[in-house]
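Going by the order they are written in, the chains are A, B, C and D; count residues from 1 in each one.
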Amino acid sequence: MLTTPAAGSKPSEDPADIDRRDPESEIYARATAYRNWGRWGDDDVLGTLNFIDAAKRIEAAGLVREGRVVSLSLAFNTDGPQKGWRRRVNPIHTMTDTGSDAELGNQGFPHGIGGADDYITMPLQSSTQWDGLGHIFDHGKAWNGRRAGTTVTSDGDLVTGIEHAADVIVSRGVLLDVGRFLAPETGELPNGYGVTAADLDACIAAQGTSSTVGRGDIVVVRTGRLARARRDGWDDYAGGEAAGISLTAAGWIHRTEIAAIATDTWGFEVRPNEFDVPSFQPLHQVAIPNMGLTIGEMWDLDELAVACAELGRFDFLLSAPPLPITGAVGSPVNPVAIL
Amino acid sequence: MLTTPAAGSKPSEDPADIDRRDPESEIYARATAYRNWGRWGDDDVLGTLNFIDAAKRIEAAGLVREGRVVSLSLAFNTDGPQKGWRRRVNPIHTMTDTGSDAELGNQGFPHGIGGADDYITMPLQSSTQWDGLGHIFDHGKAWNGRRAGTTVTSDGDLVTGIEHAADVIVSRGVLLDVGRFLAPETGELPNGYGVTAADLDACIAAQGTSSTVGRGDIVVVRTGRLARARRDGWDDYAGGEAAGISLTAAGWIHRTEIAAIATDTWGFEVRPNEFDVPSFQPLHQVAIPNMGLTIGEMWDLDELAVACAELGRFDFLLSAPPLPITGAVGSPVNPVAIL
Amino acid sequence: MLTTPAAGSKPSEDPADIDRRDPESEIYARATAYRNWGRWGDDDVLGTLNFIDAAKRIEAAGLVREGRVVSLSLAFNTDGPQKGWRRRVNPIHTMTDTGSDAELGNQGFPHGIGGADDYITMPLQSSTQWDGLGHIFDHGKAWNGRRAGTTVTSDGDLVTGIEHAADVIVSRGVLLDVGRFLAPETGELPNGYGVTAADLDACIAAQGTSSTVGRGDIVVVRTGRLARARRDGWDDYAGGEAAGISLTAAGWIHRTEIAAIATDTWGFEVRPNEFDVPSFQPLHQVAIPNMGLTIGEMWDLDELAVACAELGRFDFLLSAPPLPITGAVGSPVNPVAIL
Amino acid sequence: MLTTPAAGSKPSEDPADIDRRDPESEIYARATAYRNWGRWGDDDVLGTLNFIDAAKRIEAAGLVREGRVVSLSLAFNTDGPQKGWRRRVNPIHTMTDTGSDAELGNQGFPHGIGGADDYITMPLQSSTQWDGLGHIFDHGKAWNGRRAGTTVTSDGDLVTGIEHAADVIVSRGVLLDVGRFLAPETGELPNGYGVTAADLDACIAAQGTSSTVGRGDIVVVRTGRLARARRDGWDDYAGGEAAGISLTAAGWIHRTEIAAIATDTWGFEVRPNEFDVPSFQPLHQVAIPNMGLTIGEMWDLDELAVACAELGRFDFLLSAPPLPITGAVGSPVNPVAIL
């Protein structure tokens, strides 16, 4: 039975207050407190991406002062972190025509032209990606209170497919390098560290005014987990322990009215999750179906962190539109920070 | 035997001058006249993308005055134009978890969380895409004069893979709506119409100063072919007849020093190609391996055309970084014009 | 509302008796009359394949008198009949290593060894295949009365996956060349012709004692539809009109106690289906979830038909075990008739 | 420089005689001694499969005395041995329609019918398989002396594709349970043990007359490696150490005139290979391109071994036709022993 929060009470933002034996109640309290169902109408397919407006994009374009582009994407190849969980393998790239065959004269084309062609097979969540609104459900409900079972079927997400965001996800990006802020010597948070609302606010304060976060911004949080994987090997980067956002930071995400958030980890939120009983990605359960939050995972924020530190500012134009794969619940993406 | 062009002579830019029985010589003349091998060093992997510099990107960002984003991407789904040529099928999207199973309680996750996951299998050239530098060869040579057979093998493009452009393709975009300019009533060029250098210059002049094209710009040329396919069905959109860039416009592409070019057609260049004997994509043969030009195909320029006409300007910030698929000779892309 | 059949009445085996406006009742009558639920226990995963026993296989092996093997499989390649319905495309075969690269010395192997490797991506129903017991449901019920929604999920067929038949489908095969029998001049039944129980019995009588059909046999019915496609092109072989088994032959299938049945058509049963209102594969609905019948489709029976006619006998050892793809609801198969 | 064998000399069949520093010469000696090029004509596409004749198949059918079928195939699923080497992953099975969606009424079919459909993506060498004649090359030469670079291109094996064997591979099978013979207590040979010609002959002698091996037979050799993997986990079953056929047994394979051979290991031959310098699958290099031998790998011989031991005989009808995947250099297969 769920513990119903007292009317008007707000869920605690202190991890010490979590009842580690009762994930369902802790999730429920935040799901109801931060639920955005109906906020953008019954037909909404964008959730918090609605916070991005024209003024925000114009502001963001004004941040392009160096003319520099930093890709926030990992490579898409077989040497990635995936180990097969839920059939998630690394991207498989194969050639259907090659320069070898062109050089050997095997292609049968006229006047000396030759060509190469290729294929990819990949889980949409295998490398740098956006989680779309159809990716997670809460007790059988999808974003905006829709039935999961009629929204996302074997034919894909029939309502909130990632294609709807194809012309939306361009905004002001803000890097919060929590790894560097909290662990200045290594730049890497320890696995299992849950980043709190207080941490995020303190990081903003420390980084200065270019880090102010508000409505329509896209926040990218660097934990240092990817830097460690790059140095030590993928090991259990996919699905294993990592620093990440604490369930208790759900309120911060909600009140800042950010459009989206991404991290340099597999799972965005802290792992192990903050419970002593079986649990799985509780913050996803609050954020995606209830808030309508689009979440980025496995983003490479290391070069961006260096660039921001050098420039002394942490905001930029972020262009990260997904591939409009019809009905997809996620999309590979090459997000670029334009500074 | 190839007809060697006279020293110092320039290939004609008038399609009437093409020897329609001798594609190899016509291609050779332009390949040698416009070859950029070595221009950016022996190790170059970017070709004309090198023309994009910081100043160009800052200029481009300054064009963001409406805060509006237009996606230039087609949908990625099975209802696309592909018909199987060279094993090019339309993207196949399948689900590995669904809301249906979440709702039925089949997933075994705790505390009411459910999830959906998905896969894609697709030729990288199946929908809106960039042709990378390893996509086309000229007499066994790849970009910069490299051997095709050791550059692009079954393991992919080992040298000029599309991943190298992941943090590059953000620049000023210019729409040349040649369809509207030459066919103002319909906005659609007839199939087989080869767009010449003179057409491009006249279109620029007609559209006004916002259409000026120079070093580092990315030009997107709308022929109206996609609008016709959208209205009448795909039919032979993939591989069939279409308006497109004339082989004779190779010089224009070269001297303007544009960084890249894209069209709303399957094949970028005019089809049928401009020869009476068997030929295949002669302008590709000049442009990709010899100039080092990155080419976009199957871009949806119709909404952009309307927006530009309304705004009375034709330039914008174009963000179109490819997915960094290691060793790929092309990449699906969702290019966005930010106005 | 369903018309409940009178107690003890048997569904008519005359197509003229079908109420062409009421598929649901016609199906229901046969589903209940021929239902085998529980016949082989509550845990059964094989259905009518249980009819094959050791004696039948020994009998079948005794039919190997010529030492000749005839493959009943179509090619698996991109030139197949599929056109994308329900994402069914033709098999896509790609190479990950080639002789080209071996010859060019690109592979890096020692002592002169070279290698080629390959991939396939395909719908399991794209070419010659078995339909497994999880392929079709009747009002939400799978074979043996199980719930469809917990039997075949996004994780596959958790109960009756085709892997269970991996060591089962070897038996006596009998060719009924109904195309030749009913249309001796062409050997091809017209599209839309529904093969009845009477047709099957008459064909057996005409072909002679080697065609006797009984418990545990696997019947392969040749209509000539494939021969026509081979001659005229695939056109709408997949999903279009074809001769096939009439819904009214369900009783014949049931009382003969055959183990499985296959045809040379896309859909096994007659198409258009025998109704004047929207309907879809009614005999599948009776046969798979209710009888527990394994059905083969797109089998190439033409060479076998010639061989049988020459030999003057129509039975043989049929070896057609599916690939044990865990949880699959169908399997590609290369059935071989050993004569 | 290769050491040319003295005229008329035969390569040693004693592993102690191998020059472990010179794989190229050791391979060359056997490649030339056992080469079958031209033996079945210049156009041959079957190699040693030609040894199977009608009489052999009739003999084999006569071995069906129990009416029992044993599948020799591993499961095709994601829990297999592959770890990504050369992009070899385990088979990926996904659903495009499910019983879940049928039960929820999501499918839109009439009269209560529902359906499930599925896909597979897999390397053809990912689970139980045949290596086709285009799988391995020797110094740029494919089977029968053809050029590798024009025989197996990006378009597949244009000459010796596995489809040619679709109606061939049915013959007498003989199990040589070398694991049980040499290690009677465990039934498992140690990793790195090279099975010699003498071992094979001794095993035959010990097993008795039903194990006699001759022209056209298909030999399946059980080492016990798979039993160990089944007990201890896959670990490095794919590509790691294993018992297997010694390079020195090439002569035995040649003189017995067997049609094909298969083992319960990843790589058929002993691993590590029998050299102290870098080497890779030397027996493949002798057997496939030079002898024209079709080789089976990752066959599950454990249940068969128990059955044969119980029955006191080791031969059976083996039906193992590949899927006719056009141009494939290998094929997944579900081989069945019919006893």
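Convention: contacts are C-beta pairs under 8 Å (C-beta built on N, C-alpha and C of every residue); 3 or more make two chains touch, one makes a residue touch a chain.
If you want to know which protein each chain is, UniProt gives these names: A, B, C, D = Cyclase family protein.
This one's a predicted model, so the numbers in the text were calculated from it and none came from an experiment.
J.: Once you count every C-beta pair in contact for both, which comes out on top, B-C or A-B?
T.: A-B
J.: Look at both sides of the chain B and chain D contact and report whether the same residue positions are involved, with over half shared, or different ones.
T.: same
J.: Distance-wise, how many Å sit between the C-alpha centres of chain B and chain C, to the nearest whole number?
T.: The mean C-alpha positions of chain B and chain C differ by 46 Å.
J.: Using mean C-alpha positions as chain centres, tell me how far chain A is from chain B in Å, no decimals.
T.: Computed value for the inter-centroid distance: 29 Å.
J.: Any chance you could list the residues of chain A touching two or more other chains?
T.: As it turns out, chain A has residues touching two or more other chains at 87, 92, 94-98, 100-101, 103-104, 106, 119, 121, 149-150, 153-155.
J.: Chain D touches which residues of chain B in the complex?
T.: Touch residues, chain B against chain D: 92, 94-96, 98, 100-101, 103-104, 106, 119, 121, 154.
J.: Hey, which residues of chain A end up touching chain B in the complex?
T.: My answer: residues 23-24, 27, 53-58, 60-62, 64-71, 73-77, 86-88, 91, 93, 95-100, 102-104, 109-125, 134-140, 142, 147-157, 163, 166-168, 170, 277-282, 284-285, 317, 319, 321-330, 332-334, 336, 338.
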